[in-house]
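Chains: A, B, C, D and E, in written order; residue numbering restarts at 1 for each.
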Amino acid sequence: MLSLLVLTPLLGAAVVSLVPARRRELFLPLGMALSVAPLGVAGAMFFSFEKGRASFQMVEKMIWWEPWGVSWHLGVDGISLGLVVLTTLLFPLSLAVSDSITDRRKAFVIAMLFLETGLIGSFLALDLLLFFVFFEVILVPMYLIIGIWGGGRRVYAAVKFFIYTAVGSALLLAAIIALAVMHSSRTPEGALSFDYLALLNLDISSTAQMWLFGAFALAFAIKVPLFPFHTWLPDAHVEAPTAGSVLLAGVLLKLGTYGLLRFNLALFPEATVSLVPVLAVLAVVGIIYGAVVAIAQPDLKKLVAYSSVSHLGFVVLGIFALTSAGLQGAVIQNVNHGLTTGALFLLVGMLYDRRHTKKIDDFGGLAARVPQMAGFFLFMAFASIGLPGLNGFVGEFLVLVGSFPSLPAPTVVAAFGVVLAAIYMLWAYQRVFTGPLTNPANRNVADLSFKETAVLAPLAALVLLLGLYPAILLERTAPSVEAILDRIEQSTDYQAPSPGRLADVFVSTSQDGDQ
Amino acid sequence: MNPDVVGDIAWAGLAPELILVAGAVSLLLLDVQRKPGVGVLWGSALGIMVVALALGIWQWVVAEPSGELVFGGMLLLDPAAAFARLVVLVVSILAVSAGRGLFAHLGTRAAEGLALVLLASAGFVLMAASQNLVMMFLGLEMGSISLYILAGITGDGVRSDEAALKYLLLGAVASAVFIYGAALVFAGTGSLSLVAIGAFLGGYLLLSPAVVLIGIGLITVGLCFKVAAAPFHVWAPDVYQGAPAGIVGYMAAVAKVGGFAALARVLLIGFESFRADWAPVVAAIAALSMLLGAVMAIISADIRRLLAYSGVAHAGYILTGLASGSSGLSSVWFYLAVYAVQLVAAFSVISVLGGPASSGSDLAEYRGLYRRSPMLAVALSVSLLGMAGIPLTTGFVAKLGVFLQAWQQGLEWLVVVAVLASAVAIYLYLRVIVTIYMQSPVTDDPVAYDRPTSWSLGLATAFTLILGVFPQPLLSLVESAGQL
Amino acid sequence: MIELPAEALWLVIALPLGGAVLLHFAGRLLGEPRAGYLAVAASLAAFGVAAVAAVPFFTGEGHPAQSLLWEWMPAVGASFEIVWDPLSALMTLVVTGVGSLIHIYSVGYMHGDPRFARFFTYLNLFTASMLILVLAGNYAMLFVGWELVGLCSYLLISFWFTRPSAASAGKKAFVVNRIGDFGFLIALMVIFSTFGTLSYAGIFGRAAEELSGWAPTVIGLMLATGAIGKSAQIPLYVWLPDAMEGPTPVSALIHAATMVTAGVYVIARSAPIFEVAPVASGVVAAVGALTALWAATIAMGQSDIKRVLAYSTISQLGYMFLAVGATAYVAGVFHLMTHAFFKALLFLGAGSVIHAMGGRQDMENMGGLRKVMPVTFATMVVGVVAIAGFPPLAGFWSKDEILSVVFNRGGWFTVLWLVGLVTALMTAFYMFRQLVMVFLGKPRWPEGVTPHESPRSMTIPLVLLAVFSVVAGLINTPFRLGLEHFLEPSFEGVKLGHPPDGVGLVLILAGLSVAAGAVGAAMAFFVYHRPPETWRRFQAGFGRMWGWWENAYRTDDLGQAMLVAPGRRLAERTAFGLDAGVVDGAVNGVGWLVQAAGRRIRPVQSGLIRQYGLWLGLGLVALLIWIVVRGGA
Amino acid sequence: MLEVTPGWYMTLAAALFLLGMTGVLIRRNALVMFMCVELMLNAVNLTFVAAGRAAGVLDGQVSVFFVLVVAAAEVVVGLAIIVAIFRRRETASVDELAALRG
Amino acid sequence: MVELAIFVLMGLSTLAGGVTVVLARNPVRSAMGMLASLVSLAVIYVVNLAHLVAAVQVVVYAGAVLTLFLFVIMFIGVDRAEDTSETIPQHRKLVAGLALVVAAGAAVLVWRGRFSWTPTAPESVPIPNGTVQALGGELFTTWVLGTEVTAVLLTIAAVGAIALAFHRRSGKASAEK
């Protein structure tokens, strides 16, 4: 089933490549139709997913590169489940809004479908090398999407994106190799192996863990992106076409957080525990920094991009809080951010298609003209601000409340990001949609077409659903998250603070105060 | 060993090369007798090579090269040699089938050109197969001199002359260095046969190995020059840029194959016991090559220089595999094979675009190539991505193999340098891809190329992609080629 | 008599929520006025259900009940659960009751507005949110309501979003509230990490024994921060006056009767925690008292009819804070209720006046409206007298109870009591000032304005509210503590602050506050029943002080100068200086370095054969030296 | 009375090789450069001969033949190129052939 | 004794010839210098019992190769003194430094007796006599392949010479086609 899921988009690409390039009008519908197929498969997977099971499900394994013990090894668990579904969901939507792509549509659709395969694959891969292959191969289609169909400084942005990520993954590759070699030296038969499950049983010296953790973390930190490795993101977002931005923010960035959770925590528990402070601080800095920078952005798309930096900071914080709640929050926030920010980018794109500008100052008072669009925008804005009842809150709340016991100070600082989020989002909304309609260019902006509404509605529905009844996801993710936490607790002397014991913190501080 | 009668020499073991040489000579004669059209010559040359390849495969499959010494111990026909032969022949076939334009351009000297290609291939195979230093030298010269001539053969252009002279002069010096090293080793060990040398050095403990050490050093340098490893690469960019486009890919590829095969033999068979002495040197050269190649390639505006420098970097990667000893050999073979193919493909595109006899190809000419000829654009970018080592291309598998070996042999630092260098290197391949896809073309007129070219390009591209996903066949091939 | 199980209480929330959803999608189809009627119906229905469910508490045999709707975030013990006890019942009744009246009123007030239906959508949504807030049995769910009312207030304040002032006022309200929520969030974090749950049931029982060290204080202060934001106390009150940009019914419902009292409600709800956090309580009380005085002074200087009421609301909320801070939770809630009535009444009255004056809010240009709009006048009088705290109207009982309790606490609370007393005087002054300026004296209407009594739909709610403002106080008099008994179940195990025993002292205190009120009223009447010159002279008497009051101590300018402007500058510096310059500069710098290195090496490729030879030679020699020396020869 | 060991010859050869190398580096006349290369090869030959004598095998002397042939071949091709270049631009100075650089 | 004398004399003349090659400002002089060193080397070969090699040295090198050189020199008429002043900055210094380093290194090695090697032939082993017969035997048995290759090499050289040197005419020809 999973192989099918991974390969359907690829087959789709093959189908598309057979269509003669001059039938331009065909490609987008065809691409959408083809990308709905994986969505169906993913849906089937989601519902056939067995709740309450921590281990991987629907596992498939085949030898791939025999001499090096590389295998085609796929499996899904609570951590990857949501992301896979999100991926498959976002693709048809972003293809649906790509009418503005007029040039080389065929290539575009093919690139998109390749991208989908890569993304799904990297979420499902249980073989480190397989993961790396997908992780790296994603760069190519994304690079083309930004570089060919992007905006003014697209080439600069595309190259920056590619190189920056490649530098990160270079060391990742070295680290993966090191793991495989370690496996061969530690196992009696001395075979190389990149198998995730096999590598989990490797006992790695704490110094080695530090190095490897560093390499993995760097690669993923760049992808997330974690302050200060984030500067490729705004450029990439601003230049990328709408579909590109949606997928970039919606899915690609998740590779980083997913990797941190799946590999860094599971493979290098000791290093994780001892490096928590570093990453927590980086995450918090990112939250505040991203928000502050977002406030000043004159470009709507850049603003949303920086908001991603801020939001993903929450995810990272939740991951390294190393508490059940924090981890669950991180996992669900991954999905949430994909939905809301994806939708926001869709909206920005729709605005851009109408006005061919993203400068906030060029707008103003649009709500009178386009109430529906304004409504959706406000809805999504509040979702990403973290309004209770909408999904954004669930993630943030879990992260914050979950992180506090283990990382009180950083969490408090992070919580302030919630205030800043309100500032930049609402201020942007105010400047774009409210006030008098001054700029004549905005006079005849059309409201959402039926198709656009149809694209946004499902996202909005999910935002609401996950906000009110997150259990649909949580009950599937929780076991896997717990498993990782247990793993850390068993292999280190770390004990996740069980809530109810924190009062001690205060008591002790008070006593310190006395002395 | 040492047969007294010429009769009982195992000619069969050398069948492909004999075919090549005989073919070359007959081509020349044919040309002298009645001037046939270029097409005939080109076709028959291709045929000869195909036959040779067939024989080579037969050698591989049926005769199963068991590594026996033949020709009075001059040659060691082991899997490695046989594999090198296959690579050289495949490369030659790809290059020649894509290079028809060049020979057409040569006009009356087509026969000479083709003959030289055949002879060069034969020479480098001999070089790869020989286990006697002087024999190796002969093979080397047989190949190199042919290449010198090919570099200058069009002769319509100062640059090709310059390229030829540079290549020849520096090459002659390098050869002298190499053979001097051989002489010193001979002085130090009293033998020229690598097997014997290896046995000797393994057996004796030399109290003052200075002579041998210097010999090793000189031989290494001589061969590093041939494979264009830093700092002995300086000639490569100029020659690649000046030589006729139609032949550069071939030149670069076969020279690298022969050179590395020889290097592997010398270091791993002859001087294995001196590993501790040469390994660090090789590693250093590797690191320098990777870094220097990447950095220099980034700033070069001519795509050929760019590829030349990237070739320097690739020499570094291959040396990384070599530095990790005999266990790394199979990865070296894999790397050589896939890189040679990518190189030839890339240069075939270049020669189609710039004209087969052109010297120098400004990157600017590649603007918007995608619009002018998608096929060429895809072929070029695939081979570039392969060189960049992007997953799902053979390049990635090759790099991975090399790195794995190096890491297992405790060359972690080298691997780290290598991955960083490759990350930097990605930028230069992206530069080309950017120009191909993301810039508007200078002219919109489509590029014309003949069917064989497209076949060869298609083959190379398929090779790079398919083997990049399912490298198993090639992997098992080099697995056996990797045994000494 | 029907028994309504707590399990059915979700209806109370569902009804207005359903109304909102229905209106959102079908509002345009329904059109005016049907959309309004639908909203009113939903609100009334909720009131009905709540009333029925509340009956047992009135009859005294009701017990607090919990009902779990569904698990939300089990990992942090957050779930949707409803708690039904007297306190929430009372709040529900107030919210739905006053809410319904205001709904009705709005049908008239919003007549002819293009976004009529949308308005009622928001109004219903607000009612639902407020009910979520008061019915929540769990801090997480409480926070949901807490934020949703914030959202609605944002939507309603900037309802006329084409006015830049309205738009920014809405944003301001939300952002300032967020600052409070920041504290609230921290409170929740601490609570969770202390108790491992966020459910009242799991917390209050254990608060007394399990809270130790700084925890309770921290929780208390943080909760208080949230409350300060929501209930517009110093220093976070700045958003409320601007909130008057919204339609008047909104001001009445959200920014007077219900939402702003959420803070008080939360503190009352968290009484068990504040029990063990005396410091926090003290802070709350102090803030309350200070705010009461501060806002009252400002109110005296205002000439905008709605701003007066806004500041008076802040000031009254200060009273409530003072009460809950002094652990007089009942008194606080009592005042909350009575205030809901008379302040809603006053706002609606003001609204009817504004309506009559064609949207003008400046009292300087009013006067003499008594004749043209008698109903409004009469009801306004009731409201003013009530808030000024004259017996036997509602305001008297509640305010008086607060003051006496505070006095009874003794210690430094006596100061607070004094402050409260002074505030009472000022309250009376500015309210009567308003009454006089608006209704009495000669008309000072601008050209072309012809005031008229408002339509039925607006006056009927006025009358009803007036009635409540008269009688509501009687449910909890020193002679008969009805409300206290009623609320007892909600404050089990909480030591409530009480008025001093002994009728004598009580009477004296009451007398004092009434006297204060009387003085204030009298001053206002004598000054402002005269021509404007007299006012000017009077105000001049206060010297520069009055100017400060008129401009609300210029806090907005201060905030602009101290926070907003620097903040924006900081953001820009970070974005364009630090981020684009340093962080990104470093990245591009690396790339530049590589290329620079290449350019430095380039000369090596001089193209000169002999030089190439030299390089070869150098490399060769270097290599030889290395290998020979290393080889130990 | 000291006796001439092969080492002496090899030292001589080394000197000759170095001489040739230097010549290649400092002369800019392509012809002379070739002569210098020949010198280097002669040094090689000397080494072969001396070493072969010392080792008591003929391989050294045999090798000389091959080196010699190679040298001849190189010279032929080299001179051909030089002639070609000279025809084009009346010079045998390699310094004037530096169009390809960077 | 005799050998020492010959070594010294011939060695010196070899080097002298070499120096001439390197330093002579006139290519013809260089050629002559080369002739000198070639011949002296031939003598040394004789001393080392490489008779055939010595002969070939004289015939092929001094005879053929050098003649070829001279022919070309005359042909392209550069038989005039060229200025040997250095044009590449720092070049001479570097080369000199390089040469000195190598010389010094070699000297050190020689001095410390490191420039010798193990397999010195025991007295029993007859010093190989490079007679025609002996060498011929080697060339056509063990080294037969090499011999073949030399043939190919010469072919290549010939082909190359043709291909390169004729290109004027044929180049035009191809241009006309």
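One rule holds for everything that comes next: a residue touches a chain if its C-beta (ideal position, glycine included) is under 8 Å from a C-beta of that chain, and two chains touch if they have at least 3 such contacts.
Computed from a predicted model, the values in this text were never measured in an experiment.
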Set of chains whose contacts include both chain C and chain A: B
Chain separated most widely from chain C, comparing mean CA positions: E
Chain whose Cα centroid lies at the greatest distance from that of chain A: E
Of B-E and A-B, pair with higher C-beta contact tally: B-E
Chain centre separation (chain B, chain D; CA means) in Å: 26
Cα-centroid distance, chain C relative to chain D, in whole angstrom: 97
Centroid spacing, where centroids are CA-atom means, of chain B and chain C in whole angstrom: 79
Euclidean distance of C-alpha centroids - chain D vs chain E, Å: 5
Multi-chain contact residues (two or more partners), chain C: 591, 602, 605-610, 613-614, 617-618, 624, 628, 633
Touching two or more other chains - residues of chain E: 88, 91, 95, 98, 102, 109, 114-117, 119, 143, 146, 150, 153, 156-157, 160, 164, 167-168
Chain D: positions in contact with at least two other chains: 6, 10, 20-21, 24-28, 34, 50-52, 54-57, 59-60, 62, 66, 70, 73, 77, 81-82, 84, 94-95, 97-102
All pairs of touching chains, each written as two labels joined by a dash: A-B, A-C, B-C, B-D, B-E, C-D, C-E, D-E
Residue ranges of chain A in contact with chain B within the complex: 65-68, 129, 132-134, 136-137, 139-140, 143-144, 147-148, 154-155, 158-159, 162-163, 166-167, 169-171, 173-174, 177-178, 180-181, 184, 192
Chain A-touching residues of chain C, taken from the complex the two chains share: 70-78, 140, 143-144, 146-148, 151, 154, 158, 161-164, 166-168, 171, 174-175, 178-179, 181-182, 185-186, 188-190, 192-198, 210-215, 218, 567-568, 570-572, 574-576, 579, 583-584, 586-587, 591
Complex contact set, residues of chain B against chain C: 165-166, 169-170, 173-174, 177, 208-210, 213-214, 216-218, 220-221, 225, 231-232, 234-235, 237-238, 274, 277-278, 280-281, 285, 292, 295-296, 298-299, 424, 427
Residue ranges of chain B in contact with chain D within the complex: 134, 137-138, 141, 145, 148-149, 152, 155, 158-159, 161-166, 168-169, 172-173, 175-176, 179-180, 182-184, 186-187, 190-192, 237-239, 241-242, 300-302, 305, 360
Chain C to chain D touching residues, read off their complex: 602, 605-610, 613-614, 617
